[in-house]
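In this document, chain identifiers A, B, C and D correspond to the written order of the chains, with residue numbering beginning at 1 in each.
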């Protein structure tokens, strides 16, 4: 059993980590921190966990966390960068679900997150936690910067095309739709039920923090810089991201075969039969990404559809997948439950 | 491993049985029938099961089903009563999720379901599948009539009060609210998204088929006939039943203590701390019933709140729980996943 | 044209007042206040009003408000009681959508709202703004305490039975379900989309502020004190209240006829044909209350179903209806639009 | 008063026409047809209209319809083409909300709707009912083919750019999201609440019937053929379309100014202030289209956001707007109510 701590267990990704880890066959969940809820039982905040865990929130402290072999950060950006260096020094493996270690370039981080980076020396070392694109780095990592939710859905959809040089990397479009849990559990007007229900909208069209992360990842896949137009939307559902991706074909190919080959053997990427469209509910609560590829009207625009659960493959599930790899466990350990449908 | 068949696997309860049984550690799922979908793979209808099962729908046939040790019926009423007698003769244990064997009295069945009963001789034998009220019968049963969704939520809520003689059994009220999956997957106008979303209503106030089933069960708990006013409502959510129960106190008692004692040791009934209110999402996808009891203003009306997932504790999960009991397995086998939240 | 001001126009009831008043044929909307949004145009907060009004939020000030003939308070409790006395002195008619003047007894107000009343001398004078029960008082009033949302749905449902002495007033039950806009637009965890969507729950079972208001009104209808068990629930929809009311019949009667007679000629109360169930969407955006009455199984429990839009008949629409009466206008002026469906 | 008939008043667009026309100051609604519901009162199907109309459904018949001055078709495709020729001969103006007369080319109609056109001689005459692009034709028309819902949202968004020659017409992309009412009121599995709620998906990516209609309209705006990739999505909300449009800039311009100028004076097109994003709820129940235009990162991709209510500006409201024009009424008659929010 591997002793594990979670920093910041009161938001949706923290609760989702709890849901997954209390059932993980090789995890001994020891520490759960929240400055605000310290002293309360986890199941008093999360009645769905009654009978599943006796954990109590504690104030985040290096001492208790350092006694764990792995620590997950389910915090807003700015926290992991403060605590990770000391934990790594003490031999703890760190899985950061926030954005702190995703961008290789500290200046880019500063620009998009308006926050000077507190541990820029770790940026080069941090493994980008998207196993399908970066499995070997994750296996060997001490510090994993788990990929963001939008970035996961977009990169898994574009990677086969860019790696094979099939599309023009200079004019990619990602039209992404997210459930409201993607906005987190903070008290924001736009996250109120009556602001989000029975309505939808785009947001951040002028610029969104996930753009540099996606472009950085796609550039690796393409072997050269890419240019992406990224438009996120808010959709009235709890969970789920649906990315609709557009690119110009640079050469002809059997697109479905390209995708099927690229993801053959991947436990969590499912290329649907030709002509089918993924629904986000088909991955609700599951760590899968379902993909389809189309070439409408036989033209030169390729359309990729990519569906994930933002809290699972887009956050907590991916972190557990990275954890499994980093500790040499079966990659799907604790991640085998089918989606909840409907 | 116990070989299992499912008759009628295309509705919501059938899909839920599949979700639970593909992960059940002692189940070997062999047969899945649907007259209409025969020949198709289960995962072509249910993409959420891709990679989880290779089963193909077949036409329902006694031969293939009789080769299983257990058969679940996830069919509308009227089917199980036709096939169960022969399966029982051949030594198969039958778990019926429909209403066919729930009422002890064939005349009552005929009255409420407008259908003459095809196997009235089995009504006396059938165990009523609500383990918390009837565990020993279920353990010994060949034929289990799994309790309905509303009846489960109402009986678990009233039982402690009636068994202890604390309330007047002649004027019980159950105000129940159900998610739309309770209406099944048939094409009915009222089940369309735009008919049910952002709205709610009562239905069947003049009389609902679950009334005689609930009154029959409560009469057992009370040791005498009861009189219930039962008003079901449709609420715009996928899953979940919330029953709000009202009764007149006949004598004083520490109501929370009565509930806590009654359900101590029950793996799937959770009495919340005093003052808390259960949310249906706290049992989404889980086999639990969460209960609260109140005595507003210290008056003589007791209010019980009872929340279940209609597709799990109200259908497929309860059937698996009964199956576990009937085969001497651990009662919670295959039913350990926490609720999906949010 | 009647000059009108609104105090507190940034919440859901304030926005709903705006929606109704910008189209009201006899209203000249002059003042709109919000301390926090002072200086901003109303349509910058509420894009749905672009092209409908040029109003700008101002700091609430007696001077500008006193220049209006009518002032609506769409504020939390505690504000109207501060400003109403001076406005009344200056000859302004006041329509308070908050709870400040609903309870006749200042001590009751203090108990339930934990706030000493600042203008107890006005409590006796304030007309209770539920025209169907109190039309003449409203017509003559300077100060109208518009009825709350739950209280409206419950009182309209019970009044015909209590006035006719048909039910036992000592054991009334109101099981009420509300859309999330009933909780207001403040930033509360329970109002977040991901906390409320696809789930439901009861709340405040031990005691809710609307209880004394309802009991006070029902006592008038009954001609003696009543005893009510009131259980509110939160349902995942934007708007709408569905009250399901239970009472013991004291004598026999043609219940549908009693309701039809009681509300004959009422422009906003609609008694449905026997056997029909009201849906909240049938009053979405409209000032109607739709009612049904049932006697399940011919027993002695009567069930009344009552549906309103909490923001219209439960708040802004009712206030406009009271305003129309108080100014001698047609009662339905500005309130004639049919419900939005679906 | 203008006498009006509606053919096919039982679906969502028919019900929406009823909602708008019962309040239209110059409309005398005389005939409402439905083969299936003939003999029933409209308000027995649509309780939201109780007290608003006494109309009864009748079997569709030329005689009664020909006595009206205007007839609206709210039918599936294939009906209007059968009845319109005779009605036109008798001097009735026809407003068709179906697709029958939208495509100029009968062969295109046959290809996409799999139906030979019954009145190809009328295709050249029919005015395309999108007043902002085609107002003068609509004013003079006897037969108006009201624009479809997706086509309206897409054409209003692209027109300013294409008319001004600012974008490359050969690689347009329209990523459109629709509420479920866009799928109509037929009993289809995918329209069930539990199939659509808390989930989303693309559909018809390989080809959708609205594509040729949109390309036909955009070609007029561009003055030459265009090439469009059109991907519709289903979103869990009742009403609303959000179109996110992408094009390559061909030359530089102040994009916001281009839009503001193009739609200056339009009563129903609202160009938002720079940087704002339209929400579908801001047009819920209203005939408006709200637009924003962005140039993310200052690159050469322009992004237009376009929000309408699919049942109003995308169907019934647009038909009323066309009716107003064709009869010389004020263009906004009967269409002045603000959106219902929330």
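One rule holds in what follows: contacts are C-beta pairs under 8 Å (C-beta built on N, C-alpha and C of every residue); 3 or more make two chains touch, one makes a residue touch a chain.
Every value quoted in this text rests on a predicted model; they were computed, and no experiment measured them.
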item	value
Of all other chains, the one whose Cα centre sits farthest from chain D	B
B-D against C-D, pair bridged by the larger set of C-beta contacts	C-D
Distance from the mean Cα position of chain D to that of chain B, given in whole angstrom	45
Interchain centroid distance [CA atoms averaged], chain B/chain C, Å	39
Whole-Å gap separating chain C and chain D, where each centre is the average of the chain's CA atoms	36
In chain D, residues with contacts to at least two other chains	12, 179, 181, 194-195, 197-198, 236-239, 278-279, 281, 284, 342
Topology of the chain contact graph, where touching chains are joined (line, ring, star, complete, other)	complete
In the complex, chain B residues that touch chain C	171, 173, 175, 177, 179, 194-195, 197-203, 205-207, 227, 229-231, 233, 235-240, 242, 244, 246, 248, 275, 277-281, 284, 292, 294, 296-297, 299, 301, 303, 305, 307, 342
Residues of chain B defined as touching chain D within the complex	12, 180-181, 185, 187-189, 191-198, 236-238
Touching residues (chain side chain A, partner chain B) in the complex	12, 15, 19, 22-23, 46-52, 181, 197-198, 238-239, 267, 270, 272, 276, 278-279, 281-286, 288, 290, 336-342
